[in-house]
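Letters A, B and C mark the chains as written, and numbering starts fresh at 1 in each.
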Amino acid sequence: MMQTDMTALLQLNAIGKQFGGLRALDDVSLRIRRGEIYGLIGPNGAGKTTLFNVITGLYQPSAGEFRFDGNDYRGAKPHVLARAGIARTFQNIRLFANLSALENVMIGRHVRTRAGVFGALLHDRGTRDEERAITQRARELLRYVGVERDEHTLAKHLSYGEQRRLEIARALATEPQLLALDEPAAGMNATETGSLKVLLQTIRTDGVTVLLIEHDVKFIMGLCDRVAVLDYGKKIAEGMPEEVRNDPAVIDAYLGQETPRPQAGEGQG
Amino acid sequence: METFLQQIINGLIQGSVYALVALGYTMVYGILGLINFAHGEVVMVGAMLSLTALTALLGWGVPPALALALGLLFAMLGCMVLGYGIERVAYRPLRHAPRLAPLITAIGMSMVLQNLAMMIWGREYHAFPQLIDNTPHVIAGAIVNDIQIVIFLAALGIMAGLMFVVHRTRLGRAMRAVAENQHAAQLMGVDINRVVSITFMLGSAMAAVAGLMVSANYGIAHYYMGFLLGLKAFTAAVLGGIGNLRGAMLGGMLLGLIESLGAGYIGDLTGGFMGSNYQDVFAFFVLIAVLVFRPSGLLGERIAERA
Amino acid sequence: MPNARKFKFSLPSPAGGRGVGGEGSRTLKFWLLFAALLLLPFVIDALLGRGWVRIADFALLYIMLALGLNIVVGYAGLLDLGYIAFFAVGAYCYALAGSPQLALAFPLLFPEGAHLSFWLVLPLAALLAGGFGVLLGAPTLRLRGDYLAIVTLGFGEIIRIFLNNLNAPVNLTNGPQGISRIDPVSVAGASLNSSQEILGITLPSVHLYFYLFLAIAALAIFVSHRLEGSRIGRAWMAIREDEIAAAAMGIDTRNLKLLAFAMGATFGGVSGALFAGFQSFVSPESFSLMESIMVLCMVVLGGMGNIAGVILGAILLALLPEALRHGAAPLQQALFGQIIIDPESLRMLLFGGALIVMMLYRPAGLLPSKVRRRELDTDEVTETA
């Protein structure tokens, strides 16, 4: 039985995930503290997105324990985890393409609002107020993440960078305690990456813990408090970004065995 | 015991026809990820074309064996053209559209074909010409006649032929490659459009044979015969694991047996509440059960959706 | 302060809020439309004859059906090919409750049949159909697009086969012969099958049914509209666009899909009940796959998810058989001296062709829904600026 660490927002203990014969995750343990910006890195195929899918309920872990905010969430469905306070973005951007930017974010408010069929049909004062609040909050979030375009633009018509931001706005609309971002900076240039960094820091300052998967090393270095490294489904290193970066096991994982390590007594390396 | 064996035999005969048609569904699904809703109608067209050809040929005094060969050839060619046409018109332009779109065009195509057939051949049930002396044989108390034996053997032969093509020829390799990963296959120099067209034509040719078989077995052809047959064959494909050729054959045989045994014993099972007139329901129940409890089918693989 | 609450058509836009500008002209438009619809049966009667008023009645039933399927297919993105089953449930519910049939099935309980009041049977039919919606929807929850379509098709066929065969051992449905001598709809003691005099005007039966169906269709439009612009409607659309993302955003996809099925089925059940009362006769023939496809056609043709488009689609497809009958037959006579293609086959041929053509060239439907949304939203932006 795992100790419940009260400062930890997310606790994973010996998480395993198997697909038939393939072990996508093997004995992965993590503790993410409140208010951290925590990075998850590793070569392609290491299991990072799989881990995301486990903590957001898309996959059920084959083994291990999963606690969030002090409660056991192993085997919980995605919408239950969203309600508990975990929100995410996707590696391949999964917006509601044919709905407007505003509607996308409004849908993020679903989990914190209540109006049902009767509210919809009667359109009573409570429902009307709720709708107004939803629209207003959605607008605020669009401004917050920096989507400047007309809020009625269809999500599929937004630029790539705007789409990534919109996905973040939508996730924030669910009022998460933990925001899990899957490669948020992918495909961005230096300027965009810079403003994304500022946005994530603002999000953290405003009280949301951030977990992110990224490949951009500079991005991770300058942003994350701590980093974990996955390779072939196992956690091979964890700690502050600088430590991890120089860890030989990590270098090995990224570069494979092709680069010979400098041996004592050889020529210039 | 006699009845039981009879049901088994009937089931196997019917099952081999289902298997032939199911292969068409499964090949298309494997390659395009699409349910070719109109496939059942191709079977019907095959039956009608062979009916027309045979009636004409026999009318001209052509000997039955030759008439059969020519009629079959005519039907197969006609269906191959039809299959090619369906793909070009209704599916190819929508290859990158959301999945709903080709399904809807397939339904539309199915309706068009049914009604064209109705206009050309009329609403009547047509008697199918008898080509061979349909001698019944008695095996352990059960009756099998010549036509049924021919059907069974021919179906097995065709299935074996298809497996040969798919697993031993360059074309088959290309088909399997496209089924695995269209993009990669394209990069390896496979002409996707050509492979898709050939797949449709192969499936349609088999559908034509199946149509001829069904009509020969029951002695009638009718413009509406494709609908139910198509649905059941699709069920068979799903039962065996859609996209899996051996699965389609296994599924076909199994479904034939389930239907036959079910219809035979349903009266006993439900205490007289339901009779054999509920036979068609079995296929639907099987379909729903498979899709709900084991969507990958008997021989299919589990596929997880990646986020 | 806008007093939009008075009118059904307060037009809440999907993004919330209400338009302020043009409130007065909207009121005027509403009353004009109302007056036009009241006069419509008389106009049709005068210009085209009473037969066409009957067609208009059917068109209204189709509108209800199409709106119901629109919830399932258009909003939630669930391709239901067996939708007509709910229509059948409603129709047979009404038929059993309002004909001598129950006397055949359960002579001891109902010596003359049940003959329940219209106002009792209608909600009963709605409830029963809704229940079937949940029942038939439940197994489909984990299925994707094409599989979902086939399974729902299967359910539709199963229902039809059962209706066709439940004449033994207990004669519930009277099998292929169907149930006849169904009580006509009667409102406030007056039967709608005979002309009634209201405010000094004699209204023939078809006119009476027109007004009844119009009222219920208007209710259907109202419900659809409210749902579309609500939290529930947005959640449905999220599921339609990307179910995984929707779940990740906290939407309980299971319950919402069941809700979509249930609501859609309710519309079907209500229109089925009305159909049974109108026709006085039901048989399994009217509830085949072809009918399911036809309703789908209305939704696809008009524009999935778009109320106005769906209404247009329903009207077009209701008028088509008549247009063909009155146009195609004489046309062929004139051109070819004989009828080559009978109107019935032509209708099916055109349906199938229309589906293909629509998907190839105009998949968004005749009336794309986004355009209309923009119109409403511009008003709303003006309000909060």
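We take it that a residue touches a chain if its C-beta (ideal position, glycine included) is under 8 Å from a C-beta of that chain, and two chains touch if they have at least 3 such contacts.
In this text the structure is predicted, and so the values were computed from the model without any measurement.
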Closest chain to the protein's overall Cα mean, using per-chain Cα means, please.
C
Note, CA centroid farthest from chain A's centroid sits on chain B
Distance from the mean Cα position of chain C to that of chain A, given in whole angstrom
44
CA centre of chain A versus CA centre of chain B: separation in Å?
48
Can you work out the whole-Å distance between the CA centroids of chain B and chain C?
35
Find every residue in chain B that makes contact with two or more other chains and list them.
307
Quick check on chain C: which residues sit in contact with 2+ other chains?
244
Can you pull out the residues of chain A that are in contact with at least two other chains?
58, 90, 94
Contact residues on chain B for chain C in the complex?
34-35, 89-90, 93-94, 97, 99-105, 107-116, 118-119, 227, 231, 234, 238, 272-275, 277-278, 280-281, 284-285, 287-288, 291-292, 295, 305, 307
Flag every residue of chain C that touches chain A in the complex, lowest number first.
10, 12, 14-17, 223, 226-227, 229-235, 237-238, 241-242, 244-253, 259, 263, 370, 373-374, 377
State the interface residues of chain C toward chain B in the complex, per the touch definition above.
77, 79, 81, 139-140, 142-147, 149-151, 153-155, 157-158, 161-162, 165, 168-169, 244, 289-290, 293, 296, 300, 341, 345, 348-349, 351-356, 358-360, 363
Interface with chain C, chain A side, in the complex: residues 56-58, 77-79, 82-83, 87-88, 90, 94-100, 102-103, 106-108, 110-113, 115-117, 119-121, 123, 127, 130-132, 134-135, 151-152, 154, 170-171, 173-174
